[in-house]
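My questions will all concern the structure given below.
As written, the chains take the letters A, B, C, D, E and F, and residue 1 is the first residue of each chain.
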């Protein structure tokens, strides 16, 4: 099986970390293809960034046909519904995947994310996916996305935030709220003595599960069938789809 | 007060109808500026279309600074959260506005939209805005957006769908689920003997109300402050924002 | 258009403040008629007061026929459903109106009200109108209704409560929980740097929006049709309605 | 123990039926005192009627001090929160009581009420009391309240409605939606082979349970403490409470 | 009427306390039969204990046929749905009963339970029975079940926890979260000045109410009809039911 | 990695089918160990059966220590919380696993189960796991569990039920509501042209994902720590746990 992992941030060094996290958990018979979005923000830290990351995500799906699953490696799950219309195989966002895997690990999980301005989007997704009761809190550690790599204290700061969150929320598990934290999950889990779920690994695992049963996004309800052919104008003309 | 109405569909003839609907309800002291999105799909009928309508919406907001309110005239409310970050004045989507105005007209309203594949998005917005209990149903009349204008039977088909929906759902009001239906609201309301709310008129009304009290999107919570300055790459490079 | 604003508290001096707030935001072509309830409690600070404010509200609606909208200017929205049955034009409560206008100003709003014993009713309305997720808290400043006017420190106390609430709840906007605070909205908003919504102004704005599209309360669902003719007994005999 | 049953409809013959239903289930050591509201509508079939039944309910509570429990025998539970402030003993509405007793009888119950225009209020109470998931439907049999007694076919029509509702909603129990149906519960239950709960009997049972443990409405939260002393004006002047 | 109270903990001394609490509130014409579960854990303090208390509960129901109601006297309500299938009369759990009686005593109640590891189960039941909004908190006093009797400070510790909870949650009433606390309800209520509901007394009261109207668990929906006849194997062979 | 699949039904032939379904999707490096519960009902078709299947499930977990994951292969997920306390590795029920995998395949899924009397339990789990909005319906095909194998028409009947359900609920995917249907998923999916998720395969996939990241049930919240040591009595004495 082949799983395409798309980094919606257009920063290639970040994709490398995501790729490593994905490979570390992949089935022996799975091929991981990690790609960087071809256009858009170098990091996603606002609704504006996220909205403008979507065209690149969709272009990346189109550029990588024939996979058995697509993973959108940004915790805002940008472009998820649209990607489901144009991909034949299942598409997951890492927020979605992480929550689905974390929920069965106890009574409740908490999310530790980057900047507090992204908390609203995370809570939106929590409610949208049905985890209103499972998710006990969303907390920010106030480290910008691209500093996760460059700030030498990042791991310590995030670990401290996870430990404090666990106690404060009386949670059983932590979900990491940014693809840039993927490489830290195991270390933090060991430090705080609780399961720590990274969405990249979770997503690869869930897509593998879906691929193993041959699942595809359902199109019989109509909503996720291929989008109607249509003309596009201006800068986005290349996104037009033929019939 | 000046209210900018943005048509996220890049079809100028549709903007004309939206503009007329907006002007017909505006306060005497309000200026209506209706603009067509500069890029993207000619009509919005899928998650893919809607996602790719967002860059044009954001460009249109940026191109029309200094207004007292912005209305996004597509029932999927595309780019709403992002637009709120970059506009100083309040921003509403027409789905949001229509539901806020329809809810107080009785125990429950129903939505009549274009294609059934858009029902999922409408239900999403219903739940997101808090109208889960007020909204009794979302029904499609299966007329594509651009046929609303060209199909001579469109008004009759939509009227019949509204009448049937009213009975079936035991609703007190109808919300029209597409900006392209804006000109039909009064006629359908008269025909079916029930309030029919079009989001364009509703949006102009609510933005006027917000402007009259000098309200702005709140930024103290952090989420809707101006997005961080950042480099953008590829086709979307022009969307980068300086600090 | 003519909008009737009813003060359910039978204190005329309070009506004057409400009237000023209403006029300050009205469309140039709108006529504001503010009336004091003809019977009941001089101020509303308990479920008992609120229940007994309702007959006066209904009498005031009946005494002012032919308007384009009715606003009930007490944050408990007393008699709202009943008023909708007997008024031909739309009826709004100020709690309802304020929440509908505040919700689109960000991710969440908080309510600052008078006495803590009214918090329960406010939360009830929050849930009833669908703002369970939008409303992040209801806080009391412990100033009785009629002291809002006479207590020289009232404005400062309320401003402090709003500022503290904003921080504590991480809210984007404040809703003022009493018609007696209507004149303070602009001042508090300037002081705390966040949108502050007063229900009187919000209600006039929303009723104007409804009137501009010619909306009426829906009666096709049956619930809000005129009440059946019926005999009334005792003190309330005058409230009987003929067929 | 003494339980006061208040008929909010000012029709004494209806009180007699309610009294019989209450007595038939009372503990041997319980005294039932059934009273007719001293003012207001002869029957309650609209929001208007219900709102104007509240003063009479409150007057009846005040006129019957010292009881161990008060039951409001109208399915809209009119004036419940206000009555709780002025009564020392617990107060229940029959809708509330019936739902609390019906819920444990299976997975879900349905409500059969009088006129369809009252369905909205019933659903409101369902949600308010927390029975959104337990209540599978609210159905009207379209018999006006005062015809329950005079229409010779009333029992058959209601029985048929209950039987049909049971099948349609796949419910385990029926709740009767009007105090005027109290005498029919046993007969309908036998006919349809399912538990049928009448709120008058349910309320007497629940109040007996509360009285047996000496429970009183909680006032420590502040909301249900005695209402503040206050002047009342006009027709309602007699409702003023001293300090 | 005859009410069977089953102690799912296999500790007979605990049954004596439960029996006393049940008798103290019973109707004069009610017979209370309290039985100790014939197998399983001596106390219930984990999901494991609770799951393994269920066979004893079911055996106790089968061993006591012909009652008018069955009460399961453990706050996890173990085996409730299964007991409803095999008992002809209504079955209640004490958590369920206590919440139904506490809800009408104000705006919200809080639960004070034994060990914090049981809080999750209590919250589950709160949500399951529909009291998500009514229940403002679940707090543990960290006293193991069997120490409730032997620890001389137990009453003081629990009283302190109730008082603190009442203030912290701004609740109107307290629900005691363990059958072993049944004898303390009156004393704690007097001490903290608020209603304190014990589920054993509440359950006897509600079952009396149900019995007084002749209610039985509904079986028309199919779910609670007698379980199909079936072979059982191993240690549990005696639990097989014939056709 | 080693995954233990427990059949809570004590029918060994059923375990064989479950084992085949589990093996068909397992990672190349995963070992599947399928075991039949050592005690309890031969099939699970009532709350009574399910409650009494739990001791066997717990005994099977204890008898198979050291695995990387445990799957409870009955759609009622019997004993899930208790199993989580005694297993070191993650434990999933097949209902839980199937819903987590089906939700991302579209806007909504429906469940097709065996007997209608099990629908209530399925809906309970839907709500408990947070899929209230995702799950559009639960439908029974009225085939008893042990007939799934022996009835030659079973596959056709279930396929027809799935096809009808898909249309009726406008769902995007089907979840099979019984471990005994595991072998039919692929065939039905091909026949109805929509994704069909069997919980056994889903559970193996999700447990593999959890094992790949080294996740364990969280015990820091306290609820899922090992149960306290305790004496057990009667038939269940062997279930006592030492300290």
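In this text, a contact is a pair of C-beta atoms (placed from the backbone, for glycine too) under 8 Å apart; a residue touches a chain by one contact, two chains touch by 3 or more.
This structure is a prediction, so every number in the text was calculated from the model and none was measured.
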Most distant chain from chain B, judged by the mean position of its C-alpha atoms: E
Equivalent of D-E within the choices C-D, A-B or B-C, defined by over half of its residue contact pairs recurring: B-C
Chain at maximum distance from chain C, centres defined as averaged CA atoms: F
Between chain F and chain E, distance of the C-alpha-averaged centres to the nearest whole Å: 29
Averaged-CA centre spacing for the pair chain E and chain C, given as whole angstrom: 44
Residue numbers of chain B (touch at least two other chains): 84, 107, 120, 133, 221-224
In the complex, chain B residues that touch chain C: 25-29, 84, 90-92, 96-97, 100-101, 103-109, 129-134, 166, 170-173, 185-186, 189, 192-195, 197-198, 201-202, 204-206, 208-210, 212-224
Complex interface listing, chain C residues touching chain D: 10, 38-43, 45-52, 54-56, 58, 79, 81-82, 84-86, 116-121, 124, 128, 144, 221-225, 227-228, 230-241
